[in-house]
Amino acid sequence: MTTPNIEKKKIGLTNIDSRIIWLLLLFVVGIPLLNPIGLPVQVSPTTRDFHNTLRSAQGGVIALALDTDPAGLAELGPQLTAILHLARDNNIKVILVGWNNNAGFYADTYLPKVFSDVWETRYGIDFVNLGFIPGGETGMKQFAEDTWSITSDHYGESISQLPIMENIRTASDLDYIIEFCWNIDLPQNIMRQFVAPGYTKMLAASTALVYPSLLPFIGPDKSIVAAVKGLDGAAQLELLSGHPGEALKGTDAQSLAHILLIIFIVLGNIGLIFRGGKR
Amino acid sequence: MAIDTGVLVASALIMMIYSFLYRENIVFRITEGAFVGASVARIIVVNLDTLRKSVWVPGLQGEIIWYISVILGILYVMMLTEGSYKWLYRIPVSFVLGSGLGLALAGMIKVSLIDQIKATITIPLVGAPIGEILSNWTIILATATVTFVFYFTSPREGILKYITIIGRLFLMTYLGYQFAGTIMMRESVLISQLTIILKGQGIWLVPLAFILLAIGIYYDWKKGQLHWMN
Amino acid sequence: MITIKSGFTSSFIMFIAFFITVMLTYYLVSKGKKITIRKLPAIDALDEAIGRATEMGRPIHVTPGDSGLTGLTASETVAGLEVSSYVARRCAEVQVPMYITTPNAVVHTLQTDIASQAYRLAGQEFDITNSILFPYWTSFAVGISGLVYRENVAANICIGGWHGICLILMETASRIGAFQIGGTAATSQLSWFVACCEYYVLGEEVFAAGAYLSQSVADVSAIWSQDLFKLLVIAIIAFGIVISLTTGSDWFSNLFNI
Amino acid sequence: MGSLLRNNLPSLITAILGFFFILTYYFTIQPLNEWSSTLAKIISLTSLFAIIPGTIILIKRNTANILKRGNESVRSIVTLSSFIIFLVSGLMGLNSAPWKWLYNNVFLILSTAIFSLLAFYIMSAAYRTFRVRSWESAVLLIVGLLTILGVVPFGAAIWSGFPNIANWISKFPSTGTARGITIGIALGTAGVIIRTLIGRGRLGGFIRGAE
């Protein structure tokens, strides 16, 4: 193995060793996790919209499309839990699917968090885990046109044995599809295959990263009816659903990490001023 | 108190990955290898399970039409051969691309073009409070000028130069907004990882990790390989 | 029996209009109409990167991004493949080892073939074990970081469609002092390319990069047709606003509902 | 004959399928629309096989590394053994205890841990990059800071106006800009797709196998 050619560099305010910054970040995030400060959380209008729209589906059936990578679960996982709680409290049936090949396993992890006490009796009636559907956009078209084309759920049980699927023959029998957005591609695929042909309406649960790209599509008369964003949105949703969880605990740590970032950006710029604005 | 092996292994793995932040080392290399192998195996397992559910089980009931996909799929192997039949691997590729591109194009024109134009020209521009009207004009101005920032076939002269400047202003606003979102998302992921370590038995491993790190730094310093890095 | 679905007439007309624009510009460019594309320094720097690798005797890493060939990122990935093809050709000529990586299985089959062809044109044999598939985003991130670090690459060329993990690759490459050329159209990633790369193409410049490199009729005409269509879209928006401001009626915007 | 087929069959399939799905998206054409779901399922299942060449290359590469007994051999042994362990436990069934344990405590954790490296890198990259050298970077920074302060509870605790500013930025200038970008990218992508479907342009050339 060859040794990387790292050159010696001057030490100063504009070039603090990255590893020192990283160590500081570890402490700044870790300490509030151990000792929460408990800053109050305000519910933003977008999250309230999302909550009201979801509750309007009372008594209906919604599909949750878990198209995220594991890393997205940091934000989408708390959102998913809160949405499942809301669905259970408002008597909404949920169908969990996904075009990411992890989808079945996520559902397997998150459904018991909410439904563990009624798993044996209500699985297939109130909630179902249909698992992974291959093929990306092509697979979405297949599911939207003919829901029964996927033949069995994640655990291999035939779809005709599941009472919840009895009346769900195409996507138009769904009240909403909630897309768990991790990148901009998959939500747009859902818009193209589920919303534009008029099958069903769409809600978005998105990471803070992808939310800006979804902005032009969000609105009561546009493709995405309402959206919830990021860890802050998850915390607000937990507050609204009345089941406080992981997200509310994480917001303090997030606040402090941002303060650290702001400090470092300011430090970098101060160093720049002292050196006369040259790089 | 029972030992939770799952959390201990998980915490150890997280710290082994973070050791890359100091520098590339044998611990990281082992984790990297384990993950690369695991991710390949996982996809194979999931794919086999999907095939069992969608091809094998219906096949037992006489629906053999899905075996077409197996025949097409096997052609991917031809990519590895050298010879006059290598081109056969492009047949499944062309199936996947043809359907994917066709579906994408048809829907894209509706969702990303027609709907967006409609949304822009139906923004209320009269009969609302003045603040809202000005804000609505901001949307239109942003859409129009940003489109010109990426205009390639004519030089940026005359009026186009000023349009581009306004466009870049809006672009920077958007990038700033997106920058904030990016940071928040990344920090949430970090928080979720540290929660796993700190909220369970993984916290026992933290002192051990720092001791190992200190030993590593000491040896690097002795060998003269400890450099200021930025 | 053919009937158009309700609400899709306007989309279909738009599709036909775009199709005709693409075909017409293709025809005009192939008949000799000159279209100049803005100069892109990053693409000119590819040769510099390969030159550095030759001097140092170290390999090159090139990747068309972490995206696939369907959906929105298709065009970025295609541009990335175009760049890979060019780099492979030059690497074969100067006999610099080249690694090419991707997380997408379909892209992997194509890129392996493209690299082999480029090498064959230069009379060389491409070792296909240097075309590596890490079939998952995060395994891709960690795999290429390890690869770049251990092989001590001289240059890291990462033009393509990126979703998030590019920063892991670029930070690692800048740690070992590799020469970096990158680019993407994903707005969430733009700032990191500015931070880490010596040369970069940003936003829709990526689409132009492919055309700039190949100068083929189809690619150049596509850039032209995009620009023409942008003008059309702006004109439609302006016309719609003027109509609604002057007459107050919404007949024009209703056209988009049919 | 052979070369004619080789050069044209793949691009012909691409074109036929592409226009088939475009037409059935806009029009109701019987019986084509009834076939489209079946066809979509067959193609979706086909995409599962694309992993094969990559896997074979990976195994080949790692076996070669082990046989060379170089620096890479330790990592290659780990790669192959983890591949086999995951494969075997997965073949025992996706609900078997070993697979669930491995998936939740190794795969999910490693995947997220690698991604969380970005939280560190982003910190140092932001520190190094975001120097106010021009009005453009100033705008970017100010908007970024305002948004952060508007979203996290800490900002609202300082001044209650921050959430409103963040909401305004997201609702108006960002929406407009994102729309402009969306239109641009849609046009770029549509251009590539049409060129590919008619067998021209780079991707069309790749499918044809032309160099």
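Each chain gets a letter, A, B, C and D, in the order it is written, and its residues are counted from 1.
Everything below uses one rule, namely that a residue touches a chain if its C-beta (ideal position, glycine included) is under 8 Å from a C-beta of that chain, and two chains touch if they have at least 3 such contacts.
Keep in mind the model is a prediction, meaning the values are calculated, not measured.
Listed here as common contacts of chain C and chain D: A, B. Counted by C-beta pairs in contact, the busier of A-C and A-B is A-B. Measuring from the averaged C-alpha position of chain A to that of chain C gives a distance of 28 Å.
Note: centroid distance chain A to chain B, computed from Cα atoms, is 14 Å.
With centres defined as mean CA coordinates, chain D is found 5 Å away from chain B.
One simple way to say how far apart two chains are is to compare their mean CA positions; for chain A and chain D this gives 16 Å.
Contacts with at least two other chains are made by residues 21-22, 25-26, 38, 40-41, 43-45, 47-48, 50-51, 53-55, 57-58, 71, 75, 94, 103-104, 107, 110-112, 114-120, 122, 124, 126, 128, 140-141, 145, 148, 151-152, 170, 174-175, 178-179, 181-187, 189-190, 193-194, 203, 209 of chain D. For chain B, residues that reach two or more other chains under the stated contact definition are 17, 20-21, 29, 31-32, 35-36, 38-40, 42-43, 46-47, 50, 54, 76, 79-80, 89, 93, 96-97, 99-101, 103-110, 112-113, 115-117, 119-120, 140, 143-144, 147, 149-150, 174-175, 177-184, 186-187, 189-190, 192-193, 229-230. Counting partner chains per residue, chain C has residues 5, 8, 11, 15, 18, 69-72, 74, 106, 109-110, 112-113, 128, 135-136, 138-139, 142, 146, 149-150, 164, 175, 187-188, 191, 203-204, 223, 226, 230, 233 touching two or more of them.
Interface residues of chain B facing chain A in the complex, by the touch rule stated above, are 21-22, 42-43, 46-47, 50, 52-54, 57-58, 96, 99-100, 103-104, 106-108, 110-112, 115-116, 119, 174, 177-178, 180-195, 198-199, 225, 227-230. Across the complex, chain D meets chain A through its residues 21, 25, 36-38, 40-41, 43-45, 47-48, 71, 94-95, 100, 103-104, 107-108, 111-112, 115-116, 119-120, 123-124, 126-128, 130-133, 141, 145, 148, 151-154, 156-157, 163, 167, 170, 174-175, 178-179, 181-182.
Taken together, the chain D residues at the contact with chain B in this complex read 2, 6, 9-11, 13-22, 25-26, 38-58, 74-87, 90-91, 94, 99, 101-107, 109-120, 122, 124, 126, 128, 136-137, 139-145, 147-148, 151-152, 168-187, 189-190, 193-194, 196-197, 203, 207, 209. Within the complex formed with chain C, the chain D residues making contact are 22, 25-30, 47, 50-51, 53-55, 57-58, 60-61, 64, 71-72, 75, 110-112, 114-115, 117-118, 121-122, 124-126, 128-129, 140, 178, 181, 183-195, 198, 200-204, 206, 209, 211. Listed in rising order, the residues of chain C touching chain D in the complex are 1-5, 8, 11-12, 15, 18-19, 22-23, 26, 69, 71-72, 74-75, 78, 81-82, 105-106, 108-110, 112-114, 117-118, 121, 128-129, 131-133, 135-136, 138-139, 141-142, 146, 150, 164-165, 167-168, 171, 185, 187, 191-192, 194-196, 203-204, 207, 210, 214, 216, 218-219, 222-223, 225-226, 229-230, 233.
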